[in-house]
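Letters are used for the chains, namely A, B, C and D, taken in the order the chains are written, and counting of residues starts over at 1 for each.
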């Protein structure tokens, strides 16, 4: 597959800016280290040449940013979308969250993002630089340069990538990929196979780490409510802090439920969690159940598709059958 | 010394058009069902938000049951079809989190089914009694 | 165990006066019938109904009143709506006093005073006005300009008419926004009225009211020759602790609950515009 | 100075545990280290620092302040404060130890917060020098020496031994009670480690970051800086930075109706949240820019203004590692501070 480089993206942006097709570019800006990449709106090529980056840490899914960005100007904004980002893009369009006319979407191929915490597990602290490639070169303060196979440090969501295909774009760079047979439900199945007590212990342990920073909600492209129920003082459940294990469970169950059928499994929630709670396992449970109960459905695959929870058939299974499926 | 017999607290969300009338009928026919069942009338079973169920558990419920019109009979045409999907997913999620699946239930009870209402409640109370107190979705702050 | 400022005292509402359609004045004493604590003019207290909320209110009664405290409360949020439905005998919790008072004993002493208030903005000034009236001989002339939307919206109307207006050396200038039947006083907005009255700029002015009123009154006063060092106002922001620790009511490096709520205009000029 | 062989660490922990509850950093799932109660068999984490800071010990995320019983028009106020137990925290890094001083200036200033004070009184802090600072560390910027952390007792861990030195009366008392298993020793090994750490500090990527441009009296200079727009433009408004921060101390006081009473609790709050300053009649910080600005102005200008130039940041690097969009105090300082800081 032809590799799309940073220079190619800058060239593309520069051409579109020059043509006047767009006047802003939503892209990734470099930071202090190789891995702390920030979303940023560039307005000129010079600043892009200086600060724009594209590489193993260009995680940020820009779809949600479009809601705010498209309201700022009458002109189009250029956005680079990785395959998984295009699903969120479509899902937001389905929910009429931004004006498609104000976006010029360029699909870019992706060969997976790297999870810096996995690198740290191997090399420890003190990462000075990270050089991309199939073999990633990591320089640290204490150990000199080490080479790590990229596949060993891929982010969880990329290990279980569901699709390399772009489902939305105005223009595509590089080659189109395909929808993949991922193993993304394996972890869910493993949990399902446990006893209820084991599952309870597992989630109790995971969710007890929650600090209710709301990062999972705030980054989630499906969480676009103007006023979240957990941020509404009149809801009776507004709570800034995880007061106890009930609050933690309620927050995460309800959040997962609110995005059920709309979650595109982009994996941002798990990435941003400061406590590394595998939140994607909650969302994937819903996706897996929806597929099993109501037929395969991929949120965001198609603009305008009717989400499973706003749909029904007369023959749907009963709730009692849903929980006793294994026994039947 | 007499040991206090454990009596579970049950919250039953009943749709206004069928199940609540069913509960009424059970009453007027003098069909007994346990007093531990606290009925909350809702306009339609699909009014029941997952948060209602969790909050009932938080406030000390040991079991939550949702009763609505039989599929196809919804006063609002399709409300209970949505309930069916939502609750199927929610209950499956609760089970996934290791919360006893017997604590939640959906039953379709028509206005004519007073006997079914009483029988359902009796059965549900029995099931929850066997499970004992809700420990996994409790909020310790609400304990007396 | 040491005294904890976050733990409130118990109070009882012994009287509720309906001032305007949306403002009531609550009289609060301790369960023993005494005043809960002493305060200085302009200071505030946190009043709460457990389970409903806790909020900062100005103590509107004068410090010279040693029997009880009063709070004039406008119905606008959760707690205030609840309080408006409360009856005499209702318990509330009160903690305080918080904030810095008006400099009534040093800066104000011997000066002519001008009070300008709009709407419920009279509430924080009432304690100062009554304090100055009580020690009448310590101050020069007192002028009070007070305006509201209508006659019915004038706070403490009876007290103004029966007591303030009858004091010697105290001039009360009332105004309402629009013509109204049964009103033969001045009609017009407070800032314009202040300008019309054309005060001598040798007074110390105290303003309280909606931000827009403060803004235009200040303009008017500076046209009359007032310096910003002569003008005091009192701020209000969201507060939770009242003791400068919870971190939300700051304007720049000043906490309104601890360093305020009383600020002199030139002090405010030093702070960023975030209130 | 006393020392104990690393092979006897468990004995040391057991002995401390006999006197008071001992907490130390322990590795958890998914690379998250956190302070846990030491019990037989619990291994100390090798991680540089815990994900959450140590402020929890004195200022927990939620705590009950008091309770109320209401009946009709009556209210009963119940003081639920209890006498706290002695406890020891082992392995607090230099940055976190310094953060206690910053918190102290808030909570122990008049009027003293008794909830905080009672915990502070009962806690003994054993700090641990950082042998291997991470790339995100910039404690030196704030005058903190990771080789000589403060605290009641300072500990240094070499390849073979743990060295302990008491700095306070509390620390001396605890250290003296451990005499049975520790031995007196010279300071050579510790001095050697201090040199090593100092050499590493000069290699850290953020070593040149300075606070020169910030501090007392800078409000006017930065408040209306156009840079805030750009810096805050993609802030998600989550509370990650404030909750992992060892010096963030803003809190909310809320009531929880339990059905048989009202519990008034305090919980961490974040100035990044939109409802932080929401009042019945409006909000003084309406945009994320204002909220974002508040956080950094507080750390770099307002706090120093009120505390003789002391900054409310200790350079622990948690926000650098944890911000979902990698926007952090270092980027703010570099942008506002201009070229010299780059």
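Just so it is clear, a contact is a pair of C-beta atoms (placed from the backbone, for glycine too) under 8 Å apart; a residue touches a chain by one contact, two chains touch by 3 or more.
Just so it is clear, the model here is predicted, and its values are computed rather than measured.
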item: Central chain (by mean CA position); value: D
item: B-D against A-D, pair bridged by the larger set of C-beta contacts; value: A-D
item: Chain B-chain D separation of Cα centroids, rounded to whole Å; value: 46
item: Geometric centre distance via CA averages, chain D-chain A, whole Å; value: 30
item: Inter-chain centre distance, chain A versus chain B - centres from mean C-alpha coordinates, in Å; value: 36
item: Separation of mean Cα positions, chain C and chain A [Å, integer]; value: 52
item: Chain A residues counted as touching two or more neighbouring chains; value: 233, 243-244
item: Chain D residues counted as touching two or more neighbouring chains; value: 252, 256, 269, 278
item: Multi-partner residues of chain B (each touching 2 or more other chains); value: 141
item: Every chain pair meeting the contact rule; value: A-B, A-D, B-D, C-D
item: Of chain A, residues touching chain D in the complex; value: 31-33, 36-41, 60, 65, 117, 120-121, 124-128, 141-142, 205-206, 209, 211-215, 217-219, 231, 233, 238-244, 268, 271-272, 274-278
item: Complex interface listing, chain D residues touching chain C; value: 65-66, 68, 70, 73-75, 77, 79, 81, 83, 106-107, 109, 111-115, 117-118, 219-220, 223-224, 249-253, 255, 257, 262, 264, 266, 269, 271, 276-281, 284-285, 290, 294, 297-298, 301-303, 305-306
item: Complex contacts: residues of chain B adjacent to chain D; value: 59-60, 141-142, 144
item: Contact footprint of chain B on chain D as seen in their complex; value: 256, 258-260, 263
item: Chain B to chain A touching residues, read off their complex; value: 50-51, 54-55, 57-58, 71-72, 78, 81-82, 84-101, 104-106, 136-141
